[in-house]
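Think of it as A, B, C and D in the order they're written, each chain with its own count starting at 1.
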Amino acid sequence: MSEIILGSKMVQLIIALILVSTFLILGSTRLYSCVRAFGIQSFLLACVAGIVAYSTGKNDIYIVALLTLVIKAAVIPYIFIYIIREIKVKREVELYVNVSPSLIIGGVLVVISYYLIRSINILSELSSFALSASMSLVSIGLFVMISRKKAIMQMLGILIMENGLFLGAISLTYGMPLLVELGIFFDVLIGVLIMGILIFRINKTFESIDTDMLKTLIG
Amino acid sequence: MVSGEMMITYLFSGLILFYFIGAVSAVLLNKKDGVCAFISFISAAVASVFGIIFSLSVIWGDPFSLALPGTSFLQFGIFVDALSAFFILVISVAVFAVSIYSIGYVREYFGKKNIGYLGFLYNIFILSMILVVSANNAIMFLIVWELMSVISYLLVVYEHEKPETRKAGFIYIVMTHIGTGFIILSFLILAGSSGSFNFETFRAAGVAMPPLLRDMAFVFALIGFGTKAGIVPLHIWLPYAHPAAPSNVSALMSGVMIKTAIFMMIRVFFDFLGAGQAWWGYLVLAVGTLSAIIGILYAVVEPDIKRMLAFSSIENVGIILIGIGASMIFFEGGRPGLAAIAAIAALYHLLNHSVFKGLLFMGAGSIIFSTHTKNIEKLGGLIKKMPVSSVLILVGVLSISALPPFSGFVSEWLTFQSLLLGFNFNTFTMIVLSISAAVLALTGALAAFCFLKTFGIGFLALPRSEHAEHATEANTPMLLGMGLFAILSILLGILPFYILPALDRVTRTFIGVSAFSQFFSISTFGTIVLPAKSSLSTPLLLVLMFIFLLVPFLLLYNARKSRAIYETWGCGQPVSTSRNEYTAHAFSKPVEMWFKNLYRPARQTEATYSASPFLKESFRFESRVEQVFEEYIYDPVVRFVMAKSQSAKVVQTGSIHAYLSYIFATLIILFMFVIAGGS
Amino acid sequence: MIEYLLLAPILTSILCFLTKTRKQVETVSIIGSIATLVLGLVLVNNVFKYGTIVAWQNALFADAFSAFIVLIVSIVGFVASFYSVGYMGHEFDHNIFDIKKLKMYYVLFHIFMFTMLLVGVTNNLGLWIAIEMTTLVSALLMILYSRKSSVEAAWKYMIICTVGITFALFGTILTYYAAVKILGETGDALNWTSLIAVADQFDPTIMKLAFIFILIGYGTKAGLAPMHTWLPDAHSEAPTPVSALLSGVLLNCAMYGIIRFYTIATKSTGVGFTSNLIIIFGLLSLGIAVPFIILQEDYKRLLAYSSVEHMGIVALGIGFGGVYGIFGAILHMFNHAMTKSLMFFGAGNVLLKYETKEIDKVSGIVKSMPVTGPMLIIGALAITGSPPFSIFLSEFTILAAGFLQGRYVSSVLFLLFLIMIFAGFFNNISKMVFGTPKPGITKGEVSRWTLAAMSILIVFVIVLGVYIPPFFYDMIMKVVAVIR
Amino acid sequence: MIAKIALVILQLLAIIALAPLLSGIIKKIKAFFQIRKGPGIFQPYYDIAKLLQKDSVVSQNVSWLFHAAPIVSFVAVLTAGLLIPIFITELPFGFAGDLIAVVYLFALARFFIALAALDAGSSFGGMGGSREMFVASLVEPALMLSIFAIALNVGSTNLGYISQTVSAMGFDAFSPYQILAFVALFIIAIAETGRIPVDNPATHLELTMIHEAMILEYSGKQLAIVELGAMIKQLLVFSLLANIFFPWGIAQGVSAAAVIIALLAYFAKIVILGAVMAMVETSTAKWRLFRLPELLSISLMFSFLALVSFIIVKGG
C-alpha cells in the first residue's frame, strides 16, 4: 500500500517541488526570498504529510501535517521575518560560495545522495527516491550553513535539515509515534526561539550577525 | 605468649600504624613546627624499628602474607618473602637514620614552610615504598608504585618557589609516568597470559609464555623500572629531581626509592619470567655498565654537590645492575650457584649504596644547612668549621670510593669476583664480562677521583666564599643521623661475614639454590672464600692496618714538637688566599679533556681591559658541559612534539563554517566506508 | 517513582522563579537539589534492588544503565548546586550578577538538571528530545554572562550541536524503520527493551547507516573528535558550575545515547563494524586532545580538551568491549564526572581569585588558596590517570581490555596519548599551582561552599582509587549486563 | 704459629729494607745509561735518615687530615705488602686479600696523599692531586683487564696461588698471553710508580710534577714517611710483576734454605726489572698530560689482547 502512495505522481511531484524550493534558497541572494522559499518548502512538506495521512488513514499524521503547516510554514517564517526587521539586517545573503557554484554543488549533492541511497540497495525504488530527497535536503541544509556568512542563514540551514529529516521519517515510516513527534516539534520551536534570542544577542554584542566576527575562540 | 606468626603480623601492622601516626600527627600538629617535626619523624623512626625487626624475622624465618578485603576486581594482598624483607630492611635502616637527621634538618624550614605537609608526605612516602616491595597484586602494585612517585614528586617540589625546582619536578613526574606506562605494558602482557593480576599467577604464566611475549615483557619491564632506577639513557630526571628535593628526602630517594625499581627488576626477571633468554642478561649487563660509566663521568664534572651525588647514584645503580646482569647470564646458563654470588654482590652493593649515599646526601644537606650553597666552588675549609660532619662525610666518601676496608670496597670486590666467575662460561661471555669489569674499574677510579675532588675542594684548605666562611657545625640530630650511617658504612665493610649468609637466604628465594658453603664460605677472621682460593678478609686488613700504625708512629716520634707553621709554598710569593686555590673545575679538567667527545665542553671568556691591552681589569670565565642525552635525544623529541602540536592546533580555527565542514566530511567518509562494505 | 524524580527539579525551578532575595533562591535551590539527590538515590536503589522500572506507558523507563546515569546526574548536580551558592554568590557580591540574573541562573540550572535526568530515564526516541533540550537550556545558561566570547561560544554550541543532533534523529528514524519492519507499527517499536530483543533481526545495512548517523550525531554532543570543536568554547565560557555539569554529566548523557544504540546496532551488524568505528573515534578524540592540551593557554579550555580526551577513553572502553572494556567505560564515566567537576570547581575558584583564565598569569595557588591548591593538584593527577586516584583504575581496566581483546595497536596508542596528555596537562597545572602568587593576590579561599562541594568530590576521587565497594561493583556489573 | 709470625716480620723487614735500595739502584742504572756517575745506591737511605732528623714546616692552612694522610697511606701500602708474595707463596695472611685488594689498598694510599695535597690550599697541590688521580683512572681499566687475564689463566685472584701455579708451569708460563699481559702490566707499573714518560720523579719544576707536586708541602719526618711509602709501593709493584710472571725460585714451603734462595732470586728479579725500567726511562721523554690516554690505551690494548688470546687459546 505504501508503495502506491509514494509512487503516486502526486507525492513524487511534491518531493520534486521540495527540491526545487531548496534550490530556490541556494539560488537567492535576498533573505526574504530565502525565508519565502523555506515557507513554501514547509508547506509542501505538510502536503506530503497530509497525503500520507489520507492514504494510511492515521489520524495522528493529520495532526502532524497540521503542526507542520502551522509551525514550519507559518510561525517560523514569521519569526525569521521578525528578526530580520527588528535587527535591521542588510537584506543580502552574504556568501562564502557564490550563487552559481552553490547551485552546482547543490546539484552534485543531490546526485551523490541519490547515488548513496541507491547503492545501499535495500530499499524499493520509490522509497529510495524519497529518502534520497531527504538526504539531499539534509546535506544541502548543511551546505547552506557552511557557505553562508550570516547567523540567520545558519538557522535556516538547520531548519532545512530538519525538513529533510521530516521528509525521510514520513516517507519511510509514516511518521513516528505522536508523542515523539510532538516532542520534536516542541524542540524545534524552542530551538528556533532560542536561536532567535542568540541572534539578537550576537547583534547586540557584535553589532552584526556576520559569523565572521565569531572567530575569537581559537586553540 | 603470642605465636611467631601473630608476632610478625603485629610487627607489620605496627610498622604501618606508626607511619600513619606520623602522617596524621604531622597534619594535626602543623601549627607548631618543632613539635610537629619531632613527633612525625620520631614516629617514622619507631616504625622503621618495627620494619627492621619485621624484615629480619622474615629473612631468617618464613614468608609473610596477608590478604586484604576487596572485590574480585580489586583484590589487594601483601606478600613478603625474604627478597621483599631485604628491601624492607634497606628501607627501614635508611629511614631510621634519615628520620633522626630530619628532626634537625627541617629546622631550616621552620617558619618558612609548612612542616606538617613535609612530615605527612615523608611518612606516606616511606609507607608507599614499603607497600611497593610487599604488594602481591599488579594493580595494587601500580597504585602504590605511582603513589610513591606522586608523593616523591610532591616532596621534590617542596621548595616550589624556585623555578628550577618546578622544572625538576616536572621532568621527574613525566619520566616516571613514561616508565609506569612501560611497566603497565609489561604487566598486561603477563596478565594476558595468566588471566589474573595476582603476582602468584604471574610466576607460573611468565615461564610458560611464548618467547616473543616474554621478550616483550622483559624489555618493557627493563625500560619501565629502568626509568625509575635511573639507567642511562632514561636517567635524565634523576640529576634534576634528587637535588631539588629537601636533602633528607634526597637521601631517601637516592638511597632507597630507586632501589625499589631494582627490586621489581629482580622480581620480574627472575621470579616471573624465569631464566629467560641469554641476551637478557647481556642487555642488563650492558645497560648497567653504560649507566655506571656515564653516571660517574657526569658526576666528575658537576659543580653542584647534590647533582653530583645524583649522577653518582646512576653510577651505583649501574654497578648493581652489572651484578644482576651477570647473575642473569649465569642463571640462564644453568649455573644457579654462580648466579647467586653475582646476585649477592648486587644486593650487597645495593645495601651499601643506600647507606653511604644516604650519608652523603645528608652530608650535602648539612653543608647546605650551614652554608646555603650547593656550589662546590663556593665551599672550602669546612673541615675546620664542621669537624664532626666532615669526618662522617669522609667515611661516606671513602665508602663510595670503594676503598678498603669500607663498605663499598667489599661489594665492588664481590662484583669483580662474580664477573671473574665467567671463566666457567663460553668465549663470548668471558669477553663481555671482562669488558664490563674494565669499565667498572674505570668507573671505580673515576668515582674516587670525583669524591676526592668533592671532599678535597669542599672541605679542605681555605673557604672560597662568604658562605663557607661562616659555616657552623650541624646540629645534634643531624650528626646523630649521619653518625649512624657512618658507623654502618664501616660495619658493612668489616662485617661482611654476617651479611653474606643473610643475603644468601634472600637470593635463594629467586634463584632457588643456596650459594653458601657450596660456592662461598666464611672462614677464620671472617674471611669470605670464593671458589679457587680467592678470598678477602676486611676485618683482618683493618687489624693489620692498626698494627702497622706502629711503624709510622715510631718514625714520627716527637714530630709534633719540632714543627713550624708557615705559609703555603707559592714559588716565593705569598699565596695564602682562597683565590689561589685550585678550583673544582680545574681539578676535573683532565677528565673533561679526556672525554671531550662526550662532554662537548663549551667555554666563554670575557675580559675587560684597563688602559693597556696587557692589563686585564676583570676576567670572566664560563664553562659548561653538554648533557648529551638531553640535548640529542630528549630535546629533539620534545621540540618535534611541540612543533607538531603547534601545527595541529590549526584545526581549531574558530570558524564555525570550518567546524561544520568537519562534520560534513566525517559523514561523507563514513558513508564511503559503508558503501565500500567496511566492517 | 520516575515522575517524582523528574518533578523535583521542575518544581524547584518554579519556586526559584517565585523567590525574591538571594537567600531565598539559594535556600530553595539547595533544598531542591537535595530532594533531587534523595529521589535519585531512591530510584537508583529501587532499580538495582527490584529491576527495571517503567512509567507513563513505557515513555519513561529506568533500567540499571539509566539508573547509573541518574546517579551521576544527581550527585554532580547536587554538588554543583552547593558550588553555585559560593560561586554565583561571589558574582552577586561583586555586582556582576543582579538578583534577576541570579534567579534566572537557578531557574535554568534546575531545568537543566531536569533535562539531563530526562535523558537517563526516557525511552528511546524521547532520548533525542531530551538531549536537544539539554542543548537549548545550557545555551541559555551560557549567555547569562553577556561577554562577547560567551555569545560566540553559545552560538557555536547551539548550531553545531543542533546539526549533530539532527543527524542523531536521522539515525533514530532509520533504527525505527528497521524496527518497524520487524515489529510492525506499534508504539513499542521505539522502546529499548523491545528493540534489543529483536535487534539481531534488523537489516544490517540500515543499522550500519543508522549507527553512523547516531555516532556522528550524539558523538557531536559527546565531544568526540572531529565533531568536538564546539566543546572547548562552550565549556570554557559557561559559568563554572555549569561547566562542571556540561563536562562531567552532559557528555556522559550523550555517551549514554551512543552506548544504547551501540548495543542495538552491534546485535545486527556484528561487533566488528561498530566497535571499530567507535575505537577510531575514541582514538581520534584522544589524539586531537594532545596538541591542545600541551600548548594550552587557557585553563578552562585545558579542562575542556581533557573532557574530549576522556570521552575518547570511554568510547575506547566500549569499543574494546568485553566485560573489562565495558566495565571500565562505565566506571570511567562515573570517575570522570567526579574528577572533572572537581577540576572545574577548582578552576572556578582560581578564576574568581585571579580574574583571568590565562595559565601564564596564574601562579602560586597553593599559597594563595591553601585548600584549593592541593585539591587542584590531586585533581590534576587524578584526571590524568595517576594512581592512587579513581580514574587510573578505569583507564587501566580499559587498557587491559584492549590487550585482552588483542587490540594491541590501539592500546599502545592509547597509552602513548595518555602519557603525552599527562605531560601536557600536568605541566600547565603545576605552573599554576606552584610558585609564588603575583603581588596583589590576597591569601584566602573564596567561599566555604565551593570547598564543601570540592571535598565531597575528592572523597569519590580518592576512595574509588583504592577501593571499589562491593555494592558499587555489583551496580556496574548490572550496567555491563544491560549493555552487553 | 711462631714461624708464621717470623715470616710476616721477615717479609715486612725485607720490604722496608729493600725499598730504598731499589730506588737507589734504579737511579744508579739510569745514571749509567745517561753516562753520568750518579749518587750511590744507598743514597735514598741517607736521604730518609736525614729527613727523619729534620724539623718540619707546615702550612698554616692545613687540617688534621694533612697530618693523618702520610700515616694512613704508609699503613695501607705496608698492608698491601703482606698480600704480595715476595719470597714465599704461602703467605700467612695471604687470605686476607687478593690482587684486587692490593690494587685498592694502593688506591687508598694514593687517595689520602691526594687529599692532603689539597689541604694546604696551594694550586700546585691541587694540580698534583688532580693529575695523580687522573693517571690512576687511566690505569685502572687496563689494570683490571690484565688482572682478569692473569686470573683467568690461573683461576684465582689470590696472589700466592697465582705465583704457585705459574711457577709450577715452568717454561709453559711463557705463553703469548702471559707476555702480552706482562707488557700491559709493565706499562701500568710505569704509571703507578710515577716514572717517565708519565711522571718525572726527578723534576724540579712544579708545573710538570705529579707526585712531587702532591707532596710539595711535606717536610721533615712526614716527608720521610711519604717518600718511604712511595718507595715501598714501587718495590711492591715490581714484586707483583716479578712474582706473578716470573715466580721462579720462590719458596713453596717454609724452610730456611728455600727462603734464602727465594730472597736472592727475588732480589735478582727486581734489579733486572729496575734496569729495564731505567732503560725505558732513559730512552723516552716525558709525555704531556693529555697525551697519556694514548699510552694507557696501548696498555689497555695489550691486556685486552692478552685476555682474548687466552680465551682463544684455552677455548671457552
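Rule of thumb we're sticking to: contacts are C-beta pairs under 8 Å (C-beta built on N, C-alpha and C of every residue); 3 or more make two chains touch, one makes a residue touch a chain.
Bear in mind the structure is a predicted one, so any value in this text is a computation, not a measurement.
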item	value
Two chains sharing the most contacts, counting C-beta pairs only	B-D
Between chain D and chain C, distance of the C-alpha-averaged centres to the nearest whole Å	77
Averaged-CA centre spacing for the pair chain D and chain A, given as whole angstrom	100
Centroid spacing, where centroids are CA-atom means, of chain A and chain C in whole angstrom	31
Interchain centroid distance [CA atoms averaged], chain A/chain B, Å	69
Touching two or more other chains - residues of chain B	649, 652, 656, 660, 663, 671, 674
For chain A, residues that touch 2 or more chains besides their own	120, 142, 145, 154, 211, 214, 216-217, 219
Topology of the chain contact graph, where touching chains are joined (line, ring, star, complete, other)	other
Touching pairs among all chains present in the structure	A-B, A-C, B-C, B-D
Residues on chain C engaged by chain A in the complex (per definition of touch)	59, 125-126, 128-129, 132-133, 135-136, 139-140, 143, 146-149, 151-156, 158-159, 162-163, 166-167, 169-170, 173-174, 176-177, 180, 185, 187, 190, 203, 205-206, 209, 232-233, 236-237, 292, 295-298, 301
Residues of chain C touching chain B in the complex	155-156, 159-160, 163-164, 167, 205, 208-209, 212, 215-216, 220, 226-227, 229-230, 232, 269-270, 272-273, 276-277, 288, 290-292, 294-295, 327, 366, 377, 381, 386-388, 392-393, 396-397, 399-400, 403-404, 411-412, 415-416, 418-420, 422-423, 426-427, 430-431, 434-436, 465-470, 473
Chain D partner contacts - residues on chain B that touch it in the complex	383-384, 394, 398, 401-404, 409, 413, 416-417, 420, 423, 425-431, 434, 437-442, 444-446, 448-449, 452-453, 455-457, 460-462, 523, 525, 527, 529, 532-537, 540-541, 544-545, 548-549, 551-553, 555-556, 559, 562-571, 575-576, 578, 580-583, 586-591, 593-594
Residue ranges of chain A touching chain C (in the complex, touch as defined)	120-122, 138, 142, 145, 151, 154-155, 158, 161-162, 165, 168-169, 172-174, 176-177, 179-180, 183-184, 186-187, 190-191, 194-195, 197-198, 201-202, 204-206, 211, 213-214, 216-217, 219
Chain D - residues contacting chain B, complex	16, 52, 55-61, 63-65, 70-71, 74-76, 78-79, 82, 93, 95-98, 100-101, 104-105, 107-108, 111, 114-115, 117-127, 129-131, 133-134, 136-145, 148, 151-152, 154-158, 161, 206, 216-217, 220-222, 224-225, 228, 289-290, 293, 300, 304, 307-308, 311-312, 315-316
